[in-house]
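Each structure below appears as structure tokens.
The same chain A turns up in both complexes below, where it pairs with chain B and then with chain C.
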Partner chain A sequence: MDFEALFKQFLSGDVAQQASILRSLVIFLPELVLSGSIVLMLAARLVSLDRIIPTHWFALLGAMASFVIVLFQFWQFGQAQTAPVEVFTGLAIHDEFSIFFRGFLTFFLVFVIALTVLTGIPDDEDAPDFYSLLSGAVVGMMLMSSANHLLMLFIGIEMASVPSYAMTGFLKGKRRSSEAALKFVVYGAGAAGVMLFGISLLTGILGTAQFSELAPRFQAVFANHAGMQDPATRCVVLALLMITVGFAFKLSLVPFHFWCPDAFQGAPAEVGGFLSVGSKAAAFALLVRLTTSLAGDGTGALSQLSLSSGLALGLIAIVTTTFGNLAAYSQKNIKRMLAYSTIAHAGYMLMAVSALLVLQSVQSDLVFQGNHQQNGPRAMEGLLYYLCVYLFMNLGAFAIVALIRNQTFSEEIDDYKGLAQQVPVLAICMAICMFSLVGIPPLGGFYGKAFIFASVYEATNVHWFMWVVLATGGLNTVISLFYYLRVAKTMCIDARPADAAPVTLAASSSPALYVMLVSGMVVFLGIIIDPLSKVALHAAHALF
Partner chain B sequence: MGEVGLNAYLTVGAVLFVCGVVCMATKRNGIGVLMGVELVLNGANVNFVAFSRFTSLGLDGQTIALFVIVLAAAEAAVALAIALNFYNNHLTIDVDRGNELQG
Partner chain C sequence: MSPETLLTCIVFLPAVWAIPLVLFDAKAKDAMRYWGVLGTALTFALTLQLLMQFDSNKSGMQFKFDTPWISNWNVFFSLGVDGISLPLVVLTGFVCLLSMLASWSIEKNFKGYLMLFLILETGMMGVFLSLDFFLFYVFWEVMLLPMYFLIGIWGGPRREYAAIKFFLYTLAGSVLMLIAMLMFYFNSDRSFDLLELAKIAGGTSAGRSHVYGMSMQVAAFIMLFIGFAIKLPSFPFHTWLPDAHVEAPTPISMILAGVLLKMGGYGIIRIAFPLCPYGAQYAAYFLAALGVFSIIYGAFAAMAQTDFKRLVAYSSVSHMGYVLLGIAVWKIVDGKTVGREYWEMGLNAAMFQMIAHGISSTGMFFMVGVLYDRVHHRDINKFGGIAQVMPHYAGLAAVIFFAGLGLPGLCGFVGEVFSVLACWNFSPLLAIVAASGVILTAGYILWTMQRVYLGPEYKGPHPEALVEMNSRELAIGYTLVVTAILFGVLPHLLFDPMHGSIQALTQSLASSYETLYGAIQTSQLP
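Our next item is the complex of A and B:
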């Protein structure tokens, strides 16, 4: 179909087509509401309305409204049991999985905005800029989680990345902040360029950019090609490698993790918390969507593709967790330590994706068929549960760092000595978050890890390499114990030096309540697992 | 004159890509690195348009190329603002001079 025909069709106003556009817009409502709140914020400054109503109220209301709409969509989906809907002529897809992630991201946005209000990181002058960047990044992440087309994949990643660069350098006068932003933008733009070149090769060889058609086209192209001698095979492998570079950058996987510690140390702690949870979650959603649609039904050439990419991701996961944990051990700055811990956690979550792909590769095999119906969704359930717990424990840790920074102007772990004597609330909540990051029962982090390790264990039936992944995961949990507990010990057991800056925080003040709420959720998710894991499993089933 | 085939276009795209990557890897000037990124993006764009002309990709390829041009402009705007901010604080845009964050 050429352009003229398309244009005529649009003008002639095909009723069915207009109805489908209208329906897409209704489904797209959460994103539209968020974008509307951005416009409102900027317009409010134009007429000096922000001097009467603080900008964060616009941002907060927009985020809450879009979260409520996503909840309504979830309820609607549960009522009607409808099949996944392709919106905007197949560019995006609307199913339980995308609803889950959009809900996750808008919920997270509400918490981040609340945190920035409590710590006061953007002053009144900069607030419209900051909140429009924040909401804009979340719109990009929501697009990532519902992408169904390689163009959407790239747009989503860019829309999430570009505001993140600007937010990292948000403290304009600080040398470190500007250095962090420059490193982030240089690495990020480079990775995005390489990824785009990979996408161009992949679309060219397969002749489509639609996720749902990737697997059938792959089958057709490689039906009678054999091995790596074939140029088409080599080209696809190259394209997949280049796309992996882009994902590895977003997920801060080794060897594309260099930006992460620098960006987190230079950026305000609030932005660090946002990047470590939001962009990771969205990138995992996108990675899972792309890999499951590439793996398709796992027959013939697809089985080989799925198995080898699963094992490759497993290898990356091993290196990433080990590196992250070892590097975190020697850090003195708490934000840098949390950045390395973020790298390590991305590795754990990647293990779930690796297990999923390895399990997918045998789904047409009769021996495994009985188990498969459950195992694939189980691996996904683990990933989703982990992400939810990770939201609270990481946000809690970064929030505490920000609150302490506001009083002592320091982010060195040594300056946290004996804080339990002055602010027991912060010390206890930090200890909860740290224990949960290690994965000690009965906190939420334990169940996240347990679900993921269980699905890796299932995958060991398919390939021996998954034993290595499982063993590394277990070993790393032990290594991580030392540096997480060091923070807890510094805060709770050591004595406060006499010359240290005093920290005060009333237990009933709103920052204290916020921190207690977030770390309370970590404990809650460790005790009452069923509701969330059921929702996660339900969302996971949408992909299979 | 014979028709110029798909391979010729892909070669141009690949050469642009390699130039861009070499530029990103060797330049110490921040603006130079960003120019390398533009080369890589445009190499990919040549690929997209060539594939849309010669393969079953169709209109998708050209649409993607248009979107990429817009995204590249947006990214360049933010990147230049960040480079300017770096210059204001460090009085240089040499990326190697950003070495305060280590550990």
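Our next item is the complex of A and C:
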């Protein structure tokens, strides 16, 4: 059937179907606007319009418009108190949770584009390519956050990944950059293949790919099955493991993290900042949605599934956090260090998902004292708060790395010595980001971490293993102090060597203002917590 | 001024005061100095205003108010003051003003120094005034960052090592505190209110009695105690202190010894004991023994030092041992508190010792700093004959050191003698050992004074720099000497405001332990 035939079928179809598609398209508007801006950027180059109007304006306006539309949708949702809407015949879902993440991603896109404009990567010639990749990746991430179907899950992940590969290798002349991109592609392709296999197994056993159907089908299929002797059980476990591989790759969880340090070191810092926040957030949104729909109401066979997958994720979280922190300790290159820090933080955030699943596996009043209905949403609130702070603190760190690189052409931590004497703004903002990454109040990073630890603590009522998770989380906070502090110390305490390249940045210049804004947000989120925490809890409620 | 505004101002005035410093020209050092002095003086004036408004006849919290801060998590911005926190708040204001005046010798990047100093003061005030556990924790950590940089940037040669050691010890303690905090939060149906948590622990909260199990109380107490003992510092968590003190610049040493160490003692009195009476009582003998050991150990360690500042640092370990001893002398036989008035005396002594140590150790570090500013070394064996060249200085220093020694008539005496007396009821053996610590203290302080101040002439480096104190230094010195004498002669000035609160504390702890004991006997407690 060709396009014309499809179109004719649409026009001649019944009214209800047309209305549903139109409604879906309206909900899909933010993604459409972003895609439109991509088309505009590419078309502008055809007619040499980009010589007159710089390309980044198209990208920036597209991102802003799409953010505004998401905000409007959020407002609309709040007004009407509507139930979640399944769009495109159930392939995607439109609820507060997806709106939250779409807003998060478009907001983040605005900040990343602004950063690339300030640091001058890409140059005018490459700008349309770069920004189409960037916006395209964000469209993919937005699909990930609203996916409601296993197929959509895969499409979203691929759509977000492929532009990321290209962006990693964007510094074309550089060997390291190309190597990083190649590593990323090969790894990504492998992980995607395994994941697709897992998806087909799961779909085969449960007979559905619709998220909302997964739990009831699982309940029905495994109502009378017991233990690992059953081939169907083993098959499901295998399928889930394979899907976890795909997620572990996206979230750079140990042992699927090997691409991460190389890709971050090879890629420009702006891209590193984008990947570390954007793809992580989208992957967490997807993981949470998949696991909560798999766990369902946590009764019968689902309880066992929920508990064991929660504990498994907890184990991965422990290993990931510990490994990330220990490996970051010996890094000399700041981007590599930040890559390992990203790995460690993925571990902290995974603790929230693990706690959520463990908490969901028990529905008894006996285990918890007091009100436990809120446990699941609160675990998610912690994760969402963490992600929001993480956006600012990580973006701030990468932005400072990019700004310093533009002047000294170096990304070695040793070359940052004594920068506080030359550019106090950058040194102070970097210190704020670093301490927030450690999780020291009154900076935002602390609250996300504290909320997650609180959920993990609550989960210890269900299973003793969560004590191990909690203790590891606490211990890791102390370990991580060393390497974050080293950056702050190098910049603020050491003396600037006489032969070091000078760095200048006026405190009132736009890059300085940008950095101050981003790290100011880290401080702000550490003092005024209520609004964001309420929005996050509200979004989290959509899942339950 | 309404009490709410007053408390909020005391906490946030210093931090807000730091903001306009951005506009100052980096070269206008004098203007910044006076700005800083004005800020700390205003804060001190506000704390005095609080002292005026405080009614010492009441025993509970005064001026308490709550504003929702993180409403999803039941976190409140809740401040209040009682007889236990009030003296420490005033002490903080006092020590900060004096150390700001002692900051004249700071050269490098003065603007940054001042800003961090002021933020540090906000953190300290917040710790003493907050009544919400979460808020307390946040303020507790707020001090950490400025302190790290103050030691790390403006410190001596091994400053980086000292700063990271300080940071690491405190952070490790804080993580334990965080976990203990979560324990109370979830076991109390999501409350961070310290007063409410204490009520629940005592079984006097409506409908929620005996929810903290025995093992939970012991576990929480151990975690809280380690967190606070690091700050106190008590053996074996004290090793950060000598390094931090030696490397920190003089004014920061003054704050460290004068205020920061008190947070450990305050935390034990305000949080660890009321929230886990069972755990506290369980560990009481161990705590008292640890306190006594710290007294003796600190005194011996101080005796062995040749670095003047290190000596004073170890003397802090020794003196803070009396605080721990005074807090811990809670004697219980068959669930009943025996000789509660002795325990009350011990707690009073602990509080008094904290304030007295705040004055005497601030003074000692200041006196060391005065010498160091002139001759740029601190080797006790190279001193001698200072009294010949700087008689005025030597006189003031002698009073301060005697106050540290615990000479009757000076502030150090009251706290030491009362905590040892209170200990007699608890355990005569420990009391005897603790009392013998006084001899050791006298030993190292007299020996130090003999080596530094007495003797025929100064033979060390830079003899030409030994000039008499200037008027600013004299003002600081005299203020400290006068307060040391004042509290030594009129100790009731301090006992009066805190007596009521401490009495209420011991009463409620004694009765809550009694109910707990009853619950344990009938195995109602999990």
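Keep in mind that, in the parts below, the second predicted complex is superposed on the first by the 524 of 544 C-alpha atoms of A that agree within 3 Å, B and C clash if a C-alpha of one lies under 4 Å from a C-alpha of the other, contacts with A are read in each partner's own complex, and residues count from 1 in each chain.
As a working rule, a residue touches a chain if its C-beta (ideal position, glycine included) is under 8 Å from a C-beta of that chain, and two chains touch if they have at least 3 such contacts.
Model, not experiment: these values are computed from the prediction.
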First, second, both or neither for A:523, with chain B first and chain C second: neither
Touched partner set for A:537, first chain B, second chain C, both or neither: second
Which superposed partner A:513 touches (first chain B, second chain C, both, neither): neither
Chain B or chain C, by number of chain A residues touched: B
Partner chain(s) touched by A:440 [first = chain B, second = chain C, both, neither]: second
Touching partner for A:237 - first (chain B), second (chain C), both, neither: neither
Partner chain in contact with A:65 - chain B first, chain C second, else both or neither: neither
Chain C-contacting residues of chain A that also contact chain B: none
Touch list for chain A against partner chain B, complex: 1-3, 6, 150-151, 154-155, 158, 162, 165-166, 169, 172-176, 178-183, 185-186, 189-190, 192-194, 196-197, 199-201, 203-204, 207-209, 261-262, 265-266, 330-333, 336
Footprint of chain A on chain B - complex, ascending: 10, 13, 17, 20-21, 24, 30, 33-34, 36-37, 40-41, 43-45, 47-48, 50-51, 55-61, 63-64, 67-68, 71, 74-75, 78-79, 81-83, 85-86, 88-90, 95, 98, 100-101, 103
Sites on chain C touched by chain A in the complex: 68-73, 112, 137-138, 141-142, 144-145, 148-149, 152-153, 159-160, 163-164, 167-168, 171-172, 175-176, 178-179, 182-183, 185-187, 189-190, 211
Complex contacts: residues of chain A adjacent to chain C: 369-371, 378, 381, 424, 435, 440-442, 446-447, 450-451, 453-454, 457-458, 470, 474-475, 477-478, 481-482, 485, 489, 492-493, 529-530, 533-534, 537
